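Chain lettering (A, B, C, D and E) follows the sequence in which the chains are written, and residue indices restart at 1 in each chain.
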Amino acid sequence: MITPPSIEYSSLSPILIVFGVALVGVLVDAFATKRARRTFQPILAGAGFVAALVAVAVLHGRQAILASGALAIDAPTLFMQGTILVFALLSVLLVAERQLDSSGGAIVASAAITPGSKGSTAQQTSADVQTEAYPLMVFSVTGMMLFVASNNLLVMFVALEILSLPLYLLAGLARRRRLLSQEAAMKYFLLGAFSSAFFLYGVAFAYGFAGSVELGAVADAVSNAGANDTYLYLSLALLAVGLFFKIGAVPFHSWTPDVYQGSPTPVTAFMAAGTKVAAFGALLRVFYVAFGGLRWDWRPILWTIAILTMVVGAVLALTQRDIKRMLAYSAIAHAGFLLVGLAGTNTDGLRGSMFYLVTYGFTTIAAFAVVSLVRTGDGEAGDLSQWRGLGRTSPLLAGTFSFLLLALAGIPLTSGFTGKFAVFQAAIAGDATPLVVVALVCSAIAAFFYVRVIVLMFFSEPLAEGPVVVTRPTLTFAAVAIGTVATLVLGVAPQPLLDLATTAATSGFVR
Amino acid sequence: MLSNYVPILVLLVIAALFAVGSVAAGALIGPRRFNRAKIDAYECGIEPSPAPAGPQRFPVKYYNTAMLFIVFDIEIIFLFPWAVAFDSLAVFGLGAMALFMATIFVAYAYEWRRGGLEWD
Amino acid sequence: MSATPSTLVWAAAADPDLHAFADDPFWLILLKAVAVFAFLLLMTLFAIVFERKVVAKMQQRVGPNRHGPRGWLQSLADGAKLMLKEDLIPVLADKPIFILAPIVSAVPAFLAFAVIPFGPEVSIFGERTTLQLADLPVSVLYLLAAASLGVYGLILSGWSSGSTYPLLGSLRSAAQIISYEVAMGLAFVAVFIYAGTLSTSGIVAGQSGRWYIVLVPSFVLYCISMVGETNRTPFDLPEAEGELVGGFHTEYSSIKFAFFFLAEYINMVTVSAIATTLFLGGWQPPPIPGLSGLNSGWVPLIWFVLKLLAFLFFFIWLRGTLPRLRYDQFMSFGWKVLIPVGLVWVLAVATFRVYQKHVDDRTPWLVGFGVVVGILLIVALIDPGGARHQRELEEAEQRKLAEAPSLDRIPWPPPPQAAGRGRPAVSAGASANGSSTVIPADPGPRQER
Amino acid sequence: MNPANYLILSALLFTIGTVGVLVRRNAIVVFMSVELMLNAVNLTLVTFSRIHGTLDGQIMAFFVMVVAAAEVVIGLAIILSIFRTRRSASVDDVNLLKY
Amino acid sequence: MHTVPWLTIMLIVPAAGAVVVAALPRRLSTLAKQLTLGLSLAVLVLAVLATAAYNPDKAGFQFAQSYDWIKTFGISYSVGADGISLVLILLAALLVPVVVLASWDEAGADGGTTGATDPTGAAAVGAAAVGVDGAGVDGAGVDGAGVDGAGTRSRRSVPAFFALLLALEAGMIGVFAATDVFLFYVFFEAMLIPMYFLIGSYGPVREQAQRSYAAVKFLLYSLFGGLLMLAAVIGLYVVSADNLGSGTFDFATLRQMDITPGVQKLLFLGFFLAFAIKAPLFPFHTWLPDAGAQSPTGGAVLLVGVLDKVGTFGLIRYCIPLFPDAADYFAPLVLGLAVIGIFYGALLAIGQRDMKRLVAYTSLAHFGFIALGTFAFTSQAGSGAVLYMVNHGLSTGLLFMVVGFLVARRGTRDVGAYGGLARVTPVLAGVFLVAGLSSLALPGTNSFVSEFLVLVGTFTRNRPLAIVATTGIVLAAIYILYLYQRTMTGPVVHEENKVLVDLSLREKLVVAPMVALIVALGVYPKPLLDIITPTVTATYADIGKSDPAPTHSVAAESGGHS
């Protein structure tokens, strides 16, 4: 006879709410008319995120292992779930924006129409939207929330797929530059599937090593490892490959620029912020909980990866001509900075990483939102040269963007600085000073390309046929405003959030 | 456990021998009278087209069906063990499966309403 | 995943004691295997003649009556004739696969029968053994697997023929088989819920008191889908002579052609046997008082064959009665009727079972849930008016989209002096830079059109 | 039979899949290579399941199959859409995104 | 100790003012100017009041305030003033209104170096014209009409310029007032941004490429240094966490710590490099000539006058007390660099034809003196160095301003384009001479006192070095007098120069206080020294550096030279 496992549905309520909203979203797409869908879907998604956020707040302080060890609810989990939800909320604002591009927003009218065929161009001005984007996004958020909560490598893998698969599709939904978008989707998909195969192989070896894929069991097995450590190290390496891919660490970063550039900008923002939080959440959990006993073995690798990631991200960003690509490389560099925090392998590192994720997410979402506002005849003004002199013609926009770029560069009184401070402090406290020095050098390099954009905007003469800054989109403005204000507030008064992160980090992962 | 499969193997050998043998025998016994028309593709008596419908020209519909099948087959994969252990799982099992099926149902409803199940 | 879920799956399935099957000496296994094989061949030969005769009767004809006693050797003669015919291979065919396809089609058909129980334990030359070639804890899965393998034969045959009709036919048959396979699987679930095992002998044993035919919807579902699975009338679209000139086997001749028929008839026998086993109590006598004694020794074999024949007759009856469906009707029927019905039925059975076995406080909730799901289903899937309205809307939009002027690039916002200027056709999105507008950004508010 | 052999086999399959992804240029083939990798993992899981004498590995294989199926559905959709645009599934032709 | 929170008020006034001014629409540029002037004068008044309230005899920080800011990292908002910081705050508060007045027309007129054809351009309010396309740039201009899509650049925003000045002032005051290392770092970095935009946006119009190059170079140098410092700051925090149990950034607490020498050296280097870049000291100086030359006049004055003092200030405030052993260890290196800087800067200044670059190079030499004084570890030298910071701000500031006036009139920075101006513009030439003489530390001018103190202080500790450095004075005389000779004396060579106008009233107003202070401090530096010396003495005493010649009392020394 089997005793059925019990599932504490209440502790899972944030995930379940979001999941339910996704399902309802699909139903709405199935039954509502196109017009109704366009209005109703974003409201639904937003309301769902808010509800889930409330649930996260209510669960505050809960610490438990759920569903027969499959999931864990603890302070870091809730912190990251909350973060993901906030970012998702902001991203929904961007996706829902319909004032940017004729009447349609950033999402394609009908993804099924072959680019170049009859009607493919008419759909650029069509009021239609592939409203499936919303449920897909919500599904992805479900996956992300599950990803950070999973206490079991298999569940983690499933969550990884739940978060990735919708993103693959979302990447292909850009209204303008369909070919680029499709290409991004394909590259993302192929490489994503490739990396998740690695992750899975790692799961298999973890199972081979520990006889279980629960993180706690793996940790136990690690603590008295001996006979079969080949499996253990294989497992560690392969899992790391999968996770490093998701955070876009070098040498598993090659998808990032392509996908960031080709995807619809709101989706890029969502990916940049949300995926990073989710992947880092999982990474932290795997490395702290399951392989915490091995930290002396994985530290050197982490160092190497972190250095590579920072250097490659910062240096390659220098050569970019496209603003989204540049931000993509900057995202890579930031992944490197986050890894520096992780390299501290201490509570401070956990706190620093979580704090950094929040700061980075707000800034990057706002930055991509600003990018989506500057447009030319065939979509966004991607090429950097088109941003020339924008500071003269649209000072407010350029000023905001400069502020965000400075935040990304880590100038004091922006959240980017406090974030960097938090992770670097953790790293130095964790005896990773050389890493911090490298990180600082990379910050300086990175500052160069951020500053270059500012120079271009403020110190160059405007183009004769410059891009247009759209002035009507309320939702995008809201997202930019929220992101910018958060960037400022977290730079000036980060204490409340730091308190939250400290509490979360000190209470630690449940195991 | 594996010994349970031996009879199946035996049956497989017998069937395979029979099939291969028959086909071989048919090829050997049968007459051979060459005629160009015989070995052309059959197209109801008219001149066959030089390039018949190639493997790249399936209607997309078939892919669609294949994908749908995969989804439902997966569902059935989970339904079978669930059904076998149903009495033990009882209320929990019913709840979990109801959730699962509701999910599939949503997808199914979407597919239906968006014309994924239509053939023309 | 701790130990709990693993036992969850296997505890029940491993229940029946299947050691009896492993204990057979090899000669006995061989004997039983040959017996099964022979049985299937005989059944095929029989079924073909039987079909022709029955159909003839239905159509007030005589049917085959030349070869053998009252024409019963007709199909044997047909087989011999086909054997002697020329074996053609089209020039465009992919030769190895073309030859392999009929074999792939026929062999799995035989295999499926390995786990069908013909009867209870008997004594053969002093050895106690069950009248069943093999049994596994996952027999039914095996059955499904073996039955599905046959579809490869069809696909490969159509693919390798290098000809249009076979290709379309094979695609159709593949789509058809996989479509109805889902319904078939769903039909089994209710049986498993009641039997608590996947072993065929276990399922038969579970029907000692009451046949699972009482699960009427399951049974009906299965009966329909088994016809679809075997490509029989009214679902014989892959071979539709009128449309596809015979479908996937158009290019085949001689014994290879015969093999497809062999496979089809064996499949017919197989699915009938499955139906018998899962729903009609297998080899057990009908639950009529007085017959209950006749369920030991060799007697049950008779029951089994009788039930099998009844199903065969049913197949033939259908062929004699019903016209062939149109393809879209057929697929709609499968996807829009059978599958939802199957799903709802499974839930209903499960709910009922829970209600029956574990009545406690939560049960009303569950029943209520079932009702809600049912209502949702009805609302969701019926509501043709809404669907039509939706379709019309979408069609209108599509039309609008298609009729929209072919602007290769919509400059936005409208360039003031470039508004009338045509641009050369550049595929959308291909160019990364090169703005076309000349409106400069401006600090003041600007309204796009 | 020594279960280690199965591990070696699965490692081999996984390697073939990896090499396939890295070397092959046709998106569909790349995709199939990924599927091969997943199946290699399945083999590993089942082997470990056997070694440990628990059934967890087999259950995991189920999950992997599910995920693989979902991946197939999405992947084919994406690749088909590209294919319809370009009449080619070669990864080399998909090269608009560059530095 | 509840006193008036002078420092916080001085921070808030310009910061809030910056926000308000930035928000003003362009057509209200006059209002923006007036508002800025008023606010900066208010800050000056506050600074003077604070100085009056300062008690030189009391040890430690005065006007101190401390509030938790980021508790997690032990960061607090702590401000306070000691003698060193107070005089520098005073300097900043003084220079800003002067600069505001000096830049009255410059920002709106697209920078002072254009409009070569219009000699009155800088003086005439609302009448300046831009050469190339003749777009109107008057103060009452059409709102938002600057953009016509035909390649015209837009007019520079006047309110933004003054907002940046105010923001810069807030940053400067903050950086001197901070007594929390982290807060110091924040201001240190935050100051960069307004300066960056001042250079990049309001530098010479024609030299767009050069000025954005200069701006970026400035920013990147500073950022790089700042990041090194950040590493050291974090390191300091971690060390403090190890030493004290919980990490802190409080300066007073930190200087009590005993840090192991190895760690000290690393941390010292982090801070030192940042300050050396900022100051700048010899090998890290290359950004300064570019930035100096490409800044608008006001920007250059503030940049060299105050901003760069942050570097030297940091050396004496942070490097030495926090890491005494390391300071000792690295002192020879620093002294060497300082002396090289004195000569190198002077020699390059002699060879310059670009006036602004010339002035920038002279600063390099002066910073050498300051560093020399700082690391001589005697109270005379230290006091002299601090005094030198103030004096340099006045003299070089005035020099930059005068050069700026010249350039505004003539449209070129080339020395060769001038000559004989003493006849055409006698007042201007006179002011130029005063500034120059102060810069070469002529006795009677302010710089003399400080330079003398530095040299004397160094002499007691390191005789050869002091002697070598003294010869730097000779070079200073050469470059200043040579410059004066080439530009002011002799016949008027160029026709264009004949029509140059002399200083306007506003300009006279601008230079008058500076000239007055130069002379006054040259004669009677005691008030400043009274404020400075106790702090400096305390600083050196704290690290165990008493003056080598006990017979000389500090008061007697300073008094003797006054």
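Structural remarks
Methods note: contacts are C-beta pairs under 8 Å (C-beta built on N, C-alpha and C of every residue); 3 or more make two chains touch, one makes a residue touch a chain.
Bear in mind that the values here come from a model prediction, so they are computed numbers and not experimental data.
Once chain D is removed from consideration, the other chains connect through touching as one piece.
In summary, the chains found to touch both chain C and chain E are A. Taking the mean of each chain's C-alpha atoms, the chain closest to the overall C-alpha centroid is A.
If you compare B-D with B-C, the chain pair joined by more contacting C-beta pairs is B-C. For chain E, the chain with the farthest CA centroid is C. Our note on geometry: chain D versus chain E, Cα centroid distance of 64 Å, whole angstroms. The mean-CA centres of chain A and chain E are about 43 angstrom from one another, to the nearest whole unit. Centre to centre, using the average C-alpha position, chain A and chain B are separated by 40 Å.
Chain D has residues 54, 56, 60, 77, 96 in contact with two or more other chains. Across the assembly, chain C contributes residues 1-2, 5, 7-9, 11, 380, 390, 394, 430, 432, 438-443 that each touch 2 or more other chains. Multi-chain contact residues of chain B (touching two or more other chains) are listed as 73, 85, 88-91, 93, 102, 109, 112-113.
Within the complex, the chain B residues that touch chain D are 60, 63, 67, 70-71, 73-74, 77-78.
Considering their complex, residues 111-112, 114-116, 154, 157-158, 161, 165, 168-169, 172, 178-180, 182-187, 189-190, 193-194, 196-198, 200-201, 203-205, 207-208, 211-213, 257-258, 261-262, 319-320, 325 of chain A touch chain D. Across the complex, chain A is touched by residues 68-73, 146-147, 149-151, 153-154, 157, 160, 185-190, 192-193, 197, 200-201, 208, 211-212, 215-216, 219-220, 223-224, 227-228, 230-231, 234-235, 237-238, 241, 247 of chain E. The touching residues of chain B, counted against chain A in their complex, run 85, 88-93, 96, 102-103, 106-107, 109-110, 112-114. Per the touch definition, chain C reaches chain A in the complex via residues 1-2, 4-5, 7-8, 11, 380, 386, 390, 393-394, 397, 401-402, 404-413, 415, 427-443, 445-448.
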